[in-house]
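Several structures are given next for inspection.
Two complexes are shown next, each including chain A; its partner changes from chain B in the first to chain C in the second.
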Partner chain A sequence: MPAFEYAPAPESRDLANLKPSYRPFIDGEFVDGGGEPLKTVNPATEEVLAEVSTASAADIDTAVKAARKAFEKTWGPMPGSERAKYLFRIARLIQERSRELAVLETLDNGKPIRESRDSDLPLVAAHFFYHAGWADKLGYAGFGPDPKPLGVAGQIIPWNFPLLMLAWKIAPALATGNTVVLKPAETTPLTALVFGEICQQAGLPPGVVNILPGAGETGARLVEHPGVDKIAFTGSTEVGKLIQRQVAGTPKRLTLELGGKAANVVFDDAPLDQAVDGIVNGIFFNQGHVCCAGSRLLAQESVVDELLDKLRYRISTLRLGDPLDKNTDVGAINSAEQLGKIRALADSGEAEGAQRWTSPCPVPDRGFFFAPTVFSGVHQSMRIAREEIFGPVLSVLTFRTPDEAVAKANNTPYGLSAGIWTEKGSRILWMASRLRAGVVWANTFNRFDPAAPFGGYQESGFGREGGRTGLEGYLDV
Partner chain B sequence: MSERVTVAKTYKLFIGGKFPRSESGRVYPVTDRKGQFLANAAHASRKDVRDAVVAARKAFGGWSGATAYNRGQVLYRVAEVLEGRRDQFVAEVGAAEGLPARRAETVVDAAIDRWVWYAGWTDKVASVLGAANPVAGPYFSFTVPEPAGVAAILAPQESSLLGLVSVLAPALAAGCTAVVVSSADRPLPAVTLSEVLATSDLPGGVANILTGRAGELGPWLASHGDVNTLDPTGADPEIRAELARAAAGTVKRVLAVPAAEPDWTQPPDIARLRRYLEAKTVWHPMGV
Partner chain C sequence: MSAPTLPAALADATRDDASLRRFLHGLPGVDQVGVEARAAALATRSIKKASKLWAIDTAISMVDLTTLEGADTHGKVRALTAKARRPDPDRPDTPQVAAVCVYPDLVAAAVEGLKGTGIGIASVATAFPSGRSSRQVKLADVALAVESGATEVDMVIDRGAFLEGRYGAVFEEIQAVKAACGDAHLKVILETGELVTYDNVRRASWLALLAGGDFIKTSTGKVSPAATLPVTHVMLQAVRDWFTATGELRGVKPAGGIRTTKDAIKYLVAVHEVAGEQWLTPELFRFGASSLLNDLLLQRRTQHDGHYSGPDHVAVD
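Coming up: the complex of A and B.
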């Protein structure tokens, strides 16, 4: 059965209030950055969206000093009950401006508006709401009666969820009484800078939040700045290791949310139609630009053929194209560089002997797009089974027994997430306790909530974000 | 009539529940605080470190998979056997640390009591550190603490028994298995503790104790791909940065420790237990 034709249903890009230029947010003001300006591009059209002024070493120094001053003079001494009200205000302002932010996020990142509108923005607001409530209740968090903040937090976030990762970093830092200097990703700085406006609208004291656009060098300078007490990083394992080395031997605290190569394990008794949707959500959500994406499908041998048939059919109905179209399921790859990486890894899958299947969906002529792709006949030694692809590419492996599923799922240095699909409750609990992963989704995938701690084992990093556990990374305990 | 000649003991390593000599054949002399020769201790090598990590990994599944109740019983049994050897520990700690008898007794008693305290934690960490997460949607989401894996511990250099117990017991109570490098100059109480562990129902390999130099063995543990956490307490502050850099190669958890050795007689809190646990969040849809 062919997919229904849909008429175009584009969201208006005017909602984004796009400006020709954006500037760093330091000490409560937008200022000209001394760094090399960068141009941020719409990955769906390759057009330049805006010029962004970036932070120089001197700007980082100014921002860290402003954050230190705010920590010592205003934010640190402020009662938690007052800090809470600022965070509640920020949450409300995000809700009020969520259409604007969703459209801007989609323009800058390439993710479908359906996801930025229905997934990212509600979660961003939820993270501020959740942590606002902690600000005056930290004595109940289990770290002693009066846990103290660390001071100035340097935070570096990736391009896959620009505003959501900002919320994951800033909300707990502020709730626990820290001040922050945040560097958004080079390719997606816009919503973070609009967040600066929201801080102004909320009347947040100057210096509590500072946003410094820039590339990897800016991040490295922030990490080594002696005035920073804590580094929180989300990004690749490769860069995470560099940061851990850089921080070694200093008193700085560190939390890392790094890469993953999650196994999504489907047993023969699983509800296959639901599992198919879960697999699709697991790997094609956000174009597969998800550290916890279910990139390795482990299917029980007795159902693999049936599952693959259903999966290919379902994937072929996914609409790829204009991220601003409300009917789009799969948007643009964030950058030419990332598209190159995905292509190289997919090519290695073919070269190493896996069978490649690509969705027959039409692909736009312009912009960075990669059609949903499934590799079957994948062996554990192949690069597509071992390396994080960070794109819409699924590798399918098989297993016969639950023990084999556990062994294969755990056969990776990563340990961020995993999925289990089976009707048998006892098997879910058995599997969940054996998978070396920080998040395990049973009969669902890619669910997030500020109340549920998120983070990895092993080379997926250390520390948690969300929940009571997540507060620990910002407290001196 | 001549005085009786005492039976001198050969001190060995503790790996996989057995007491081997160092693979290297090396030993080093151990003296009391006045410089009197006490014994030769085994000088563990890089190969001994690797053997100990293999033993700890092999034991991890069984120890972490045992019920919390069972782990608590086994750890309490260690305290029982420790108590039975109290006089021996008082003599050894006194000699190692140059303490008068009364002070040595206080230290040994504190070490035994600390072991009991941690034994009682095994079946409580999940309730105290876990959570049911009230997520916004029809899902049951809960978070459980799980043991981080194989712990490498550079034990305190000054406090030969109380310090050692204070760093080892939380790792075992959390469900981790451990490779410990004892105090280099005061290793004999650690060897006697190994004998206690060996006769206390603790499965072989759960705790492995090496006598030797933290500065020599630490880097191998820090860079080892099958070690999950590193406690650098007993390392010279000068080499801690180097250890932390080596640990970054495998994104190892490194405990933040104070520059100087803390006062181990202070009552402990659960900070060390927390460091040996990973939080796992599990989601399941709800519906009919």
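Coming up: the complex of A and C.
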């Protein structure tokens, strides 16, 4: 009997309307940036996708000034009901262009088309729809009768969910009456720049949204620019700390959404097959490039062997490869640099005595790929239990009692998310009130909704995005 | 009442009613949202060209071509057996189906029609479809089927007893039917539409496997909902877990409501990814269907010819 080979089903890359070069979006226009141009690479093939002109210090200044002007003259004074119309229009345009955006995101980021198409893009549109609804109801959000916007928001987003993080930042900022200067990540600037086109299509007044591609230095300049009233950053804890130092002593507001090392706690009475799916989704979704990834599996000792057997079997069915193929479950690591970090941390796990298991799936010769990997016999003292790996690497630890599970789950400098798997409702509530994490999922993992606030504890940052609470970060309350 | 071939731990589970209950209720629960999400996600795998052709031929070879009407006649069964022998007369390379499935009183007609083909003769027995009769009547039904030449018996479980929590009674009845089957393979119909919850489906699956069922089957086709993808996922997990525990391979048969090639392929993907490649054979996976075969044949022609042909190009039997 021949093996059941699925047919390749690649999405056409032509849909992305890829252009040879992209430029910064400032004051409603695409302009040549004065910075050193950068090349953005398809991580699945290592080929250069496009050249991107970046922003210089002068460009940042121009953009902040344009944002200030728009805030004072058009966007700030505009009634919320009018702002809502623009946001609804943007949301609908995103839906109309979702296939193009999904393919472009997959080319630039390396994530499977199944995820960019079925997960990222619907959520991006949902965030604009949701916040459009708030724009004319801010007086009823519980922040007083007439909460005021802050002004110009400088926003810096990471490469793991380029367009989704843009939506998380821009939608609430605009809904509350702020204007925006946004810096997308160095390795994934393309969809953000196409979003500039969407702003034009929506007829958004010039200066309300500005997109400035560039590297870390561009971000640093944006943070220290005196014309910026608020900084919102999603990214690594290391950079978050730098930003906090930079902002300290200034009147700037700050929200940070940083790294994580989430515990996914599986009790012996859990629905094991679905827990296995939840673990897989928790750590291999988006190649593990998820700040709230369930990268630490805490399994009750009485079921750990059974759970690991099921888990290894399930992981070995995951298909790794061409992100544009609809059958692909795990795509490419975003950059060579990131792949290096993942390898180094995985090697440290082996060196410190954890047992390494790697999925036997074939790995393409070209591109940045890392086969799904599980470490068992991991202890809290090992690097792979403490440091964020940001890749498809799962560390498996065990516990014996609920108290031990809570203690181990909370024993991390981070606190972004956690998962609980048990059929016992009372235990879910007991655990959820004790876990120090911004989001606690029960019998599921990595579910997002614009109405649910998202954010961290401790070194995972502060401030919330999404929901009514998320508005607070952009209002003077 | 324990079955002699089971490993000690499992044999112990069947010692008495209480231990059976403890064992079945100790199985991991099934999370409804999770299993339905996984089933939906797997249903989007892309099967085209060579892989589709392979899937179609595999699906044809797994069909239990079925007629279970009150109006069934010898003529209808003869026509069905002719179709089973040569599903597509224009294309002799088309695989034969796995079995023909009829009521016990028509088994003799099916035996006649399938002589020398190696195609299985399945019969629904045990007061199908409700199962509401005395043990004596049910066993007599099985005896009629087997004596008439059935090689496979599809029994229904007593859903009433199951829902009352009388697991021992269900277990015993399956064992009794299994004994009455002799060499015939036993498929145990759980009628999952009446069991309603996935937890019940998992418990009933284990109960049937413990009692010696060779196959677990979703439905009679007379109750809605019949086979669904998530229910089949749970049953595939059960046979896989059974294999892990005992080293024995048991089969799964979704039945009722699977009408299109597209649907059948979704089930094959589930077999492949949930249970494993080993199960992709008619010995371990069947489709209980009457109209599915024609769609498979039409799609098979489409794959070979490069264009669609109409429903009049395949036999209506």
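Definition applied: the second predicted complex is superposed on the first by the 473 of 477 C-alpha atoms of A that agree within 3 Å, B and C clash if a C-alpha of one lies under 4 Å from a C-alpha of the other, contacts with A are read in each partner's own complex, and residues count from 1 in each chain.
One rule holds for everything that comes next: contacts are C-beta pairs under 8 Å (C-beta built on N, C-alpha and C of every residue); 3 or more make two chains touch, one makes a residue touch a chain.
It should be emphasised that the depicted structure is a prediction, and the values quoted were computed from it without experimental measurement.
S.K.: Is A:Ala9 contacted by the first partner chain B, the second partner chain C, both or neither?
M.R.: Touch partner of A:Ala9: chain C, not chain B.
S.K.: By the touch definition at the top of the document, which applies to A:Asp309: first (chain B), second (chain C), both, or neither?
M.R.: So A:Asp309 only meets chain C here.
S.K.: For A:Ile428, decide between first (touching chain B), second (touching chain C), both and neither.
M.R.: First partner only, chain B.
S.K.: Identify which of chain B and chain C touches the larger number of residues of chain A.
M.R.: Ranking chain B and chain C by residues of chain A touched puts B first.
S.K.: Which holds for A:Asp273: it touches chain B only (first), chain C only (second), both, or neither?
M.R.: A:Asp273: touches chain C, not chain B.
S.K.: Have a look at where A:Asn443 lands relative to chain B and chain C in the superposition and call it first, second, both or neither.
M.R.: In the superposition, A:Asn443 touches chain B and chain C alike.
S.K.: Once chain A of both complexes is superposed, is A:Ala126 in touch with chain B (first), chain C (second), both, or neither?
M.R.: first
S.K.: Just to be sure I follow: which residues of chain A are touched by chain B in one complex and then by chain C in the other one?
M.R.: Correct list for chain A: 443-444.
S.K.: Within the complex, which stretch of chain A touches chain B?
M.R.: On the chain A side, the touching residues are 126, 142, 144, 237, 240-242, 244-245, 247-250, 253, 256, 258, 413, 428, 432-433, 437-444, 447, 449, 451-455, 457-462, 464, 467-469, 472, 477.
S.K.: Mind pulling up the chain B residues that touch chain A in the complex?
M.R.: 128-129, 131, 133-137, 139, 141, 143, 146, 148, 228, 240-242, 244-245, 247-251, 253, 256, 269, 271, 274, 278-285
S.K.: Can you list the residues on chain C that touch chain A in the complex?
M.R.: 28-31, 33-35, 37-38, 44-52, 54-55, 234, 237, 244, 268-269, 272-273, 276-277, 280-281
S.K.: Mind listing the chain A positions that touch chain C in their complex?
M.R.: Contacts found on chain A: 1-9, 114, 269-274, 277-278, 309, 313, 317, 326-327, 423, 443-444.
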